[in-house]
Amino acid sequence: MPINYYIFLSVALFCIGVAGVLTRRNAIIIFMCVELMLNAVNLLLVAFSKMHAHAMAAVDPHAGIDGQIFVFFIMVVAAAEVSVGLAIIVMMYRNTHSTDVNFLNRLKH
Amino acid sequence: MGITHILFWFLSLLALISAILVVISKNPVHSVLWLIVVFVAISGHYILLNAQFLAIVNLIVYAGAIMVLFLFVFMLMNLNADTEPQKNKWLKIAGVVAGGSLLLVLVAALKKADMKAQIAEMNTGTIGLIHNLGITLFKDYVVPFEISSVLFLSAMVGVVVIGKKE
Amino acid sequence: MIPVLLILIPLAGGLFTFFFKDAKAARGWSWFISLAALAVSLVGLSLAKTSPLLQADVDWLPDLGSRFAVGLDGLSQVLSLLTAISFPVIFLATWRNEYPNGARFYALMLLSQAGLMGVFLATDALLFYFFWELALIPIYFLCSIWGGEKRIAATFKFFIYTFVGSLLMLVGIIILHNHTADHSFSLKSFYELRTRINANEQVWLFWLFFIAFAIKMPIWPLHTWQPDTYEQSPTATTMVLSGIMVKMGLFGVIRWLAPVLPVGTWAWGDTASALCIIGMIYASLIAIQQDDLKRLIAYSSIAHVGLMALAIFATNASGMQGVMIQMFNHGINIIGMWIVVDLIERQFHTRKISELGGLAVKAPGLAILLVVVALANVALPLTNAFVGEFLLFSGVFSSTATTYNVVFTVVAGLSIILSAVYTLNMIQKVFFGPVKTLTANAKDVYLNEKIVLSVIVVLIVVIGVYPKPMLDLTKDTVDMIITKMNYKL
Amino acid sequence: MSNMTQLVWLIPVLPLAGFLLNGLFRNYLSKSLTGIIGCGVLLAAFILSLLIFGEVRQPGFTPVIVTLFDFISVGKLHIPFAFQIDQLSVLFLLIITGVGFLIHLYSTSYMHDEEAPHFARYFAYLNLFVFSMLLLVLGGNFVILFIGWEGVGLCSYLLIGYWFQNLEFGNAAKKAFIMNRIGDLGFLIAIFFMINTFGSVTFGDVFSHAHGKSIGVLTAITLLLFVGATGKSAQIPLYTWLPDAMAGPTPVSALIHAATMVTAGIYMIARSNVLYTLTPVTQTVVAVIGVATALFAATIALKQNDIKKVLAYSTVSQLGYMFLGLGVGAYTGAVFHVMTHAFFKALLFLGAGSVIHAMGGEQDMRKMGGLSKKMAVTHATFLIGCIAIAGIPPFSGFFSKDEILAAAYAKNPVYYVVGVFTALLTAFYMFRLYATTFRGTFRGTHDQEHHLHESPSAITIPLIVLALLAAGAGFLGIPEVIAPNAHWLEHFLAPVFAGSVSTVGETGAIGVAGNGVVAAAPEMSAGTEWMLMGISVALALAGSLYAWARFSRKPDLEDATGFGKVLANKWYVDEFYDAMIVKPLDLLGKLFVWIDRNVIDWIVNGIGRLVQYGSRQIRLLQSGQVGGYVLLMVVGMIVLFLVELFVKK
Amino acid sequence: MMFSGIFTKSKTAVRNTAIVGLALLLFANCAEMVGHHWFPVDVHKMLFFDTFGLLGNAIAFASTLLLVLLSGRDMEKVGVNLAEYFALIFFVLCGVALVTTFNTLLMLFLGIEIISIPLYILTGSDKRNLKSNEASLKYFLMGAFSTGLMLLGIAFLYGASKNGTFFIDDLWTGGAGVSPLFMSGLLLLLVSIGFKVSAAPFHFWTPDVYDGAPTVFTSFMATVVKVSIFIGFVRLFDEAFGATQPEWQIFVAIITAATLFVGNLTAVFQQSVKRMLAYSSIAQAGFMLLAVLTLNASAKEGILLYAAAYSLATIGIFAILIKMKDYTFEGFNGLARRQPLLAATCTIFLLSLAGIPLTGGFFAKYYMLSAVLQTGHFLWLVIFAVLCAAVSVYYYFRVIQAMYFKEGEADTEETPSPVFKGLLVVTAALILLLGVWPQGLLGMLTRILYTW
């Protein structure tokens, strides 16, 4: 499968995520969109890793494995981020019974 | 046009559509569910790419743990469609436009790349297998692995700091 | 050795002065320090020009190619002497002024002296820039703490104005530094640059420096900070500003611009000269309109400095020689003027010319001394300024650097007449005429002021009658600079 | 005894010493002591000058240069502080110190009412003046000359404004100084021209190299010098300060504004006669200006009622004569007239002073009259003065004026006609003055009349001495036609003007013929000359007698009307200058003040304001909305990509 | 260390252990520099401990130490969880160590994450304070977003690399022209790191977060974190993209200009000193970006010098700021009367930030400018930067004016302890030393960097 497809697919997903971040006001949804972006990247990485594996198959059987390892680490980080992020959101919710980012405008100018 | 191709297109479409639904659906819970669909689709792609390990992990960690966490939070705050505040139209449009144009420029930038020749090999190759990954992870990548433990630790401490009653 | 002392004495003395509790003690101490500096500079004068004691060159930042290099040649001799003379004079003249927590005042004054000395003595571009800023900071504080009611705004404007200029100069210095053969800041390798930098580059590099110097002098139309600052700052500081700091600009051009970028200087000579001349006439006409003594002197100073700058661009020995001696004279004379203004202000709490009058009846001593200083201000023969302006004008007239030399001379010459107008007006309105109620019970000068003013008068006359020593002092430097300036690509 | 000339530096130093003594110790010296110092130094200087004169008049005397020290030396230019002694300078030495001494003497009594410190101040100024005047005439190069030149200007400023409490006087002083400055600027530029052309300012070098230099440059130099002269010697257009200068004490007017300072211009041009002889254009200018001034001032003098003003304008007019002389090349004649004028005009001023003194400060002739009975000496001497200035033989005025007129005729009859007409006017207004003052009946108040008295000897003695000189000085220059080779002054000054002689052939200018005999032009027959003399004498007599007769009977007391009014108001020249020069400059100054505040400074502050405004606007980007932030981030990113795609190449 | 932090309860003990720990860390680091490897760990080339990075570490650790010494007490005011705060700070330092010495994109990514996540917490650590919460949430959301960008960039680079690697020196393997994939990845990385160092137009989080966060942690973020990320920034662009410099220089130039412009201009209008400092930190970042732009020897020396000078001055000012009750400019009125020492040191810090000679700030700026001028291009940028510096004088001197020339009401600040004063003096002295005779630091740097 040509790599371009994967590139465009994940870029598309990524941009949908971006659009989500831009259009939604609910902090959690925004955060979910970010997760979407991350997954798009993951997909791309895996695709690339397979691409390299294909290209280098003759030279090195393990070529391109770094990509998948990296995905693994991304998941790790994402998990950590989620925990922290949700904690922050909950804290916010505790104080202002809302998760609407537009209410976050005490700090400006 | 073999089965892989069909699957590929199917999964891609599924992913894209449900991703869009994630963004546009009013009810946050629905968004979560659609997101899960996206993840599943992506895991499907992993399988196509013969990266079983990641596929599984993706399902377990994302579609499983993380999304449940999200849902949990939603329930906690019992948010639903009507609580979802309306963003003003212009900013919404601006957002869509911006996202779209980002897509455009990225595509435009990458289109010039002649990767036609480059092929991502499908359902072959061994690098995606737990065995190989494990070996690499614990040989070459042991340091980052340990580091990531620090990361988790910090996350833990952080959550404690925030969550702890005073 | 000598130059190092010249910088070190005021610096150390100033820092030490911060710890004084009692203003009077601080005053005495700082006077003593300034006298010490004067003594040192006199020693420096007495030494032979080739004496190794006049140079000092210590490793400072080898990696940047910058050294702590200071030296006394004719030019810096004159200016450091001026600085060294001025401060004791200023301290003594303002002896009776009371400053809230005065210790700091005197400390800052000494620091500014150190800075000024550094500027005039440095033979390393980076060092020069260092002191250039250093001289500014204390002055900034002096003006803003002890100044008049609109002081903060005025001095802040002054500070930013000059800071912009000096930053541009810094850029210029760095560029030149990159062009030097041995990647050093030393004056010597800067003087070799005129062969290494091609014409069209010199042409724009010129402005990076000239703007900085023009702001300092100041040259029209970059002068508007000056009257406000002079008006607002305490008179002692104003003396430093107008007596010495103004010379920093001229000095900069003579030492760091004209010989380093001769082609650029030639290219813009006429433009700069035109600005100077506009400034002279403009400032003189405005001075005639002024009712505030300080502003009047401020504008007259603009006119005088304009003439000196004009003569620099004449690019010949007599003009340059005139600048050298006139820088000294102008410093002395204008300080004399300020002293008188200070006396008047302290007595009558006004600087309005229209409110004064008939002082000569009550304070003949003051009147006579002022008249002499004022005559020097209009460059009457046998006063020091005549020698200076004579050389300046003859330099401008016989300049081969421009084709407009005659025009320049004639137009600039008008300022001679105008200066007579405003100076005489001032004398007239302040000292002559019937006594007014305000001046009815005026007191004459006290001893300390009499001494100071007499010193100044003596200097004025002596240099006016027998300028030879001064001229000989700067002769070699002048020739050196002129030869460098006459270099053509 | 050639060592005498080496002592020349003493001559200026003596008055300087007097100045310092009187100036520094003015609070401690008694008046008499002050007076002694003041006059003593002058007397000493006079004696020294006499001795030197004695040396100079030896046949075959060559000019002596005494260099004191090196004043300014830059590059190739060397300006020594040097004195030059030759016939011309010695002549002026004598006039200055001699007349100066007499006037100092006079002042001791005239200024006696001042209290001690001011009395001392007065003499200090006077001495300073003499000092600078001596510098002026002794200076061995143009720069030293210029130093004296400005020095005398300063002193005249100080002395005019001597009574500084009176703002009027102060303004007059200021006017004098500034108008002089205008002239000085010309002088200065002329000096720079010389430096450029000759590389030196020493008389010797300049004159010896003058030949062969381009006429254009020489013309420029001479014209600029002449500008200086018009300032100092009160010629059109810079003469208006002199009448106002009468604000000063009368002796000052006598010394500075009649006898010495105002003749500096003549001295300077006579000194540089070589240059002028080489530049006919300038000569014409000088002559025209001179004769015009003479006529112009004379007309004004006709209608003045202030006794000193009349004399002032007459001075201007006489100076005009001298410049006419210089213009037509009769240098000797000019100098001759300087001398005689010094005598009789000083005499007249001092006489007027004596009158004013007697009248208790009254200066208006209309309040005088019939003083001849009360003040015999003053009256007699004053009459002599009048005759002398009117040019009636055998008094001095006749000889000097006639020499000039003769030369003028030879050059161009028009000059002569105007000159003679002016002579007529001179005679007329002088005798108008005389008659109104001394003849007829007294018109002042009663206590004035009661106080009328002859002045003390300190005043009368100088009057008498000057009267004698005014009467007799003429015989130093007897015209050729009257007595061959009797023109002593001619012979005496011959060496000074020798430079011009050599050029007679080339330029055909009237100068001195080879044998040093005055050349009222070879082609001018003795007959013509007698005729000319006759005409001028006749006119002078007519004018004076008419005026005497008319104004003794009924002086014109009522204000002038019609054309007379114009004259009385001095042709409104002051008003003209005020409107044309002073006012515009004032407006310009105001305009600049406005520009300074509202344009230049506004721009400077404007930049500051601009920054603040920008700050206020740009901070609105910081909306506080995460959405907005991210949006802007994305936009920024897009921009970067666009640059990558399209701009960057 | 961290555990000790978590388990002990006495605050002083915690702080002391922290200080000791930091000292040890610093010492170890310096030892590492001079070549004593005490804990030899095989990092599989994931990290590369070169002098540049280690110096960066040293600066970061040292300034943290200084920060703790100066403002350690003030952390207690933030909340009860002192130990945790210290723990989090140490995590950040761990991340810093990674970012300054990373050798693969993976490590860079991890490092930045380890830096960020604790910072989200620290920002929000003042839990009852809505501003703090808000700041934290904003920081988190945008941080996560930028992480996404960074990852995409990394992915692109991975794809573009010849044979699939994350090692920064293998990313670019020469060849004719750069592939669009590579270029896009590079741009995305530029954006995301630009976000971290708050370069315009990716700086918007900075003012709000710095303003909202507890001042102690603001100080920490503005100095240690920012500086270390800059070290990483230079490292990345030097190692990975050095060869392709002409391709991306223009972008950095644009970003630099924007940053200088926005930072300086916006700071002018601020009323709160804290927020002003936030903007000023953006402006300073603009200057540091010049180093990234040029990447020549003097840029590398310069960035380190800049890091040191900037950190010292900023920490000092924040330490003084914490003592003030009122963060507006008026709060500083007449400080010179009441606390001459504070005012004096504060003045020195401000002068240093403004880049006046005799302070470290001058040489910092000097290096940056000369670095650019050596390239012979971008004169416009230099002039622009210089003018911006002139603008910066405006807002820095407003504080000085308030302190010296204005009359203020009594005690708007708590009286500082002598120890605190002493430390301030030391800091100021350090800055002056850097300003008068930077040879000490510079000499070492140049000697090393020319060999490196």
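By letter and in written order, the chains are A, B, C, D and E; residue numbering begins at 1 in each of them.
The rule we apply is simple: a residue touches a chain if its C-beta (ideal position, glycine included) is under 8 Å from a C-beta of that chain, and two chains touch if they have at least 3 such contacts.
Remember, it's a predicted structure, so these values are computed and weren't measured experimentally.
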Those chains which touch chain C and also touch chain B: D, E
Middle chain, criterion being Cα centroid separation: C
Chain pair bearing the highest count of C-beta contacts: A-B
Intercentroid distance (Cα basis), chain E paired with chain A, Å: 27
Computed distance of Cα centres, chain E from chain C, in Å: 43
CA centroid of chain A to CA centroid of chain C, Å: 66
Chain centre separation (chain A, chain D; CA means) in Å: 99
Interface hub residues of chain C, defined as touching at least two other chains: 160
Chain E: positions in contact with at least two other chains: 106, 110, 113, 117, 120-121, 124, 127, 138, 141, 145, 183-184, 207-208, 269, 394
Multi-partner residues of chain D (each touching 2 or more other chains): 619, 622, 624, 626-628, 630-631, 634-635, 637, 641, 644
Chains touching one another, given as label pairs in label order: A-B, A-D, A-E, B-D, B-E, C-D, C-E, D-E
Chain C-facing residues of chain D, complex: 69-75, 77, 117, 143, 146-147, 150-151, 154, 157, 161, 164-167, 170-171, 174, 177-178, 181-182, 184-185, 188-189, 191-193, 195-196, 585-586, 588-590, 592-593, 596, 600-601, 604-605, 608
Footprint of chain A on chain E - complex, ascending: 106, 109-110, 113, 117, 120-121, 124, 127-128, 130-131, 133-138, 140-141, 144-145, 147-148, 151-152, 154-156, 158-159, 163-166, 207-208, 211-212, 269
Complex contacts: residues of chain A adjacent to chain D: 18, 21-22, 25, 30, 101-102, 104-109
Complex contacts: residues of chain C adjacent to chain D: 157, 160-161, 221, 224-225, 282, 285-286, 288-289, 316-318, 321, 358, 360-361, 364, 375, 380-382, 386-387, 390-391, 393-394, 397-398, 409-410, 413-414, 416-417, 420-421, 424-425, 428, 431-435, 466-468, 471
Sites on chain E touched by chain B in the complex: 2, 6, 41, 43-44, 46-47, 79-81, 84-85, 87-88, 91, 94, 98, 106-107, 110, 113-114, 117-118, 120-121, 124-125, 127, 179-181, 183-184
